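Chain lettering (A, B and C) follows the sequence in which the chains are written, and residue indices restart at 1 in each chain.
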């Protein structure tokens, strides 16, 4: 049994309509996603906006109600609210927007100490020391505990968010596009820092993102989502060197390359992929434009292709 | 990014404390001349009225004295007397105190109901919100004045407390709606989601995370409400459905003007009370509007 | 549009039912029989016990409620104990007066609001605008009853320009020219007093609406293509800013209900508000019940009207 195991996860949102506001249909935000993640590894969940990657992450941590499917963490079923409370401490989240994820009316000490106050009974003094240690760990000045979030830059705020997430020494962190709201110059700092604390605290990451460069840098295993379903899953190696699905190919082809000598080659590759995409779209997606069921290519590499025969 | 690792645990004198949101609002308010004058006026009136009312004997003031009916202002009675020979100035002091007290009481009670109702409806949303808002809509649509008057007329053992409860029962809706719409926006923000993942209960999130973010809005509306409530109370007392005559309010003094003789010839009975109500309402409004501007400015600075 | 209106009307039905239940409960709490008005509110408890059966008070509450609603729907509002006549007749006499007072108030409200709002919005931050803004600011803080008292004192008593009570001079034959003029004459002061206070919301609204619209792109476009200033205002800005005012119309009705109680009382004007206060003081509870019910329904209809007009004017609301 893997450390985090998601089986056939579905999250559907009702659409209300008509005079009486009845449910007329559902938005299938996540429609049958399965993934498994080993301890100490980083799993990357990739997709365009609206593909359901964030909803998947939020459903795992319990922010979105699971319609059906099963989530097991460290051997515990955490699919419903009751069973989740025991592992609440162990699963934490880093949010995309460092501006709205910190309460603007709270001082840094109150923000970082919030989880401590919920789970650990510390005296005021102990709490302050812990918060200062955490701030130091994420590279912020311990003197700033009485400041407000708006006095920090985006990167600093994201570090506050990380300090808060690691305060309870969690085992799994769901990082929802943690750097996409930051300046490119700060992104690398935060990412490297996240890798450092992964080593230091033996963390497991579920890394959600759309920037393949970032994902390649961070992840051991990658799942690619499209319209609520997986189109391909595999190790980083497999996805980047041997993409099978046309959607993955397009994503990989779109990664910019800074080497000017290879520009010609790149353009040609992109052109090829584009032609293939236009010609064979119908082979890769069903009548509704959704992905098919996953078929194994190797032990670790799965692709959504129509069943043959 | 500063990584100053100076003695973290021992040397706490270095910690920089930023001013809180409330202290910034306060600074802005004091900078506004009109609001400052209004605020000082309100404080002076309040202190004066509550202070003097301690010395004044209320029973003495409301006792009928048939030898000094309708005395115009003079040496014995600074502002003259009413049809029962009662001192207008004393009634004005006690009346202002009573009007202020009930205004504040009703504002606080409606505030608490509005906050709880609005936060719960806005935070949970969905069917809870739907049902709660339908209830609010219904209360909102009732003809306030008539329903309150009917209640006042038929409620047994009528007292100042029952009066303020009746007013509260039909005045909480505006705040509930306002706070609900603000809470709806706030709960979508990530800091609320973050609190959930950090293990805070819904109750805790509502009152310790969301509430501080709408506090400035609450302060502004409650201030403006205070003016309204004083106006409503004096209006009801004016019609004879507010305070009992043994507990004069500013409206009680005005109600004497329903007698055409008093209105036409005995201005000293009702004009001072009118002027006082007007000044109170303007002053409270000035403070409220200044608070509104102050909280806006803070948002701009963000 | 139709879907919205149907939904909105469906919401109104439970509101009216709730209102009637609330008033039914209130009436049951009143002494005597506040629904039919057949019993003296001051009757002794012993006599009341004897009457219980004949009044149907031993029936379950829903039967009593049903009887009452059934009667109301057919126009039977019970008997007035004081006047010894059907409540519907008394109400019929008074409601006309209140109708004219309300109409006059509405006319004055818009007569004041539209020119002031437009001036204030068009020439914002000018001296004139500052004067108008000060008026609305003070008007907003002034309780209606104090203002009405001052108006009556100054124009009714001190200057003697207007009558100080009643709705018509006594001794005039209904239907004659003098009668109508006297009616109008009696209306003017209370209506202006009420309008001057209630209009400030509308003035403020119109002002900010015009200032907002002034800066919109389509106005800049209109100017750029060479439209004259008066054309810009009359054809472009006013069309956009005045429409939402229509939506306030329904809410004005709700506001008038509270206002008439004060104003009719102060000016001794025999309308519904006056009737309501008289009846409650005279313990004529069947009239109280009827008037409360009618005003409550008027408020509900006013809100309905506003919402529907608003949905006509602003398509965004229809979606919800």
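Just a few scattered comments:
Note that in this section a contact is a pair of C-beta atoms (placed from the backbone, for glycine too) under 8 Å apart; a residue touches a chain by one contact, two chains touch by 3 or more.
Per UniProt, the chains are A = Peptide/nickel transport system ATP-binding protein; B, C = Peptide/nickel transport system permease protein.
Since the model is a prediction, treat every value here as computed from it, not as a measurement.
The chain closest to the protein's centre is B, with centres computed as averages of CA atoms. Taking the CA centroid of chain A as reference, the farthest chain centroid is that of C.
One finds 48 Å separating the Cα centroids of chain A and chain B.
Chain geometry summary: the mean Cα position of chain A and that of chain C are 58 Å apart. Here the CA centre of chain B is 26 Å from the CA centre of chain C.
Put simply, chain A touches chain B in their complex at residues 58, 61-63, 88-89, 91-93, 95-97, 100-107, 114-115, 118-119, 129, 132-133, 136, 139-148, 150-151, 155-156, 161, 164, 189.
Put simply, chain C touches chain B in their complex at residues 11, 14-15, 18-19, 22, 26, 29-31, 137-138, 140-146, 149-150, 152-153, 157-158, 164-165, 254, 257-258, 261-262, 265-266, 276-277, 280-281, 288, 291-292, 295-296, 298-300, 303. Touching chain C in their complex are the following residues of chain B: 134, 137-138, 141-147, 149-151, 153-154, 227, 231, 234-235, 238-240, 254, 257-258, 260, 263-264, 267, 270, 274, 277-278, 281-282, 285. Contacts from chain B toward chain A in the complex involve residues 1-6, 8-9, 14-18, 21, 189-191, 193-200, 209, 212-213, 215, 302.
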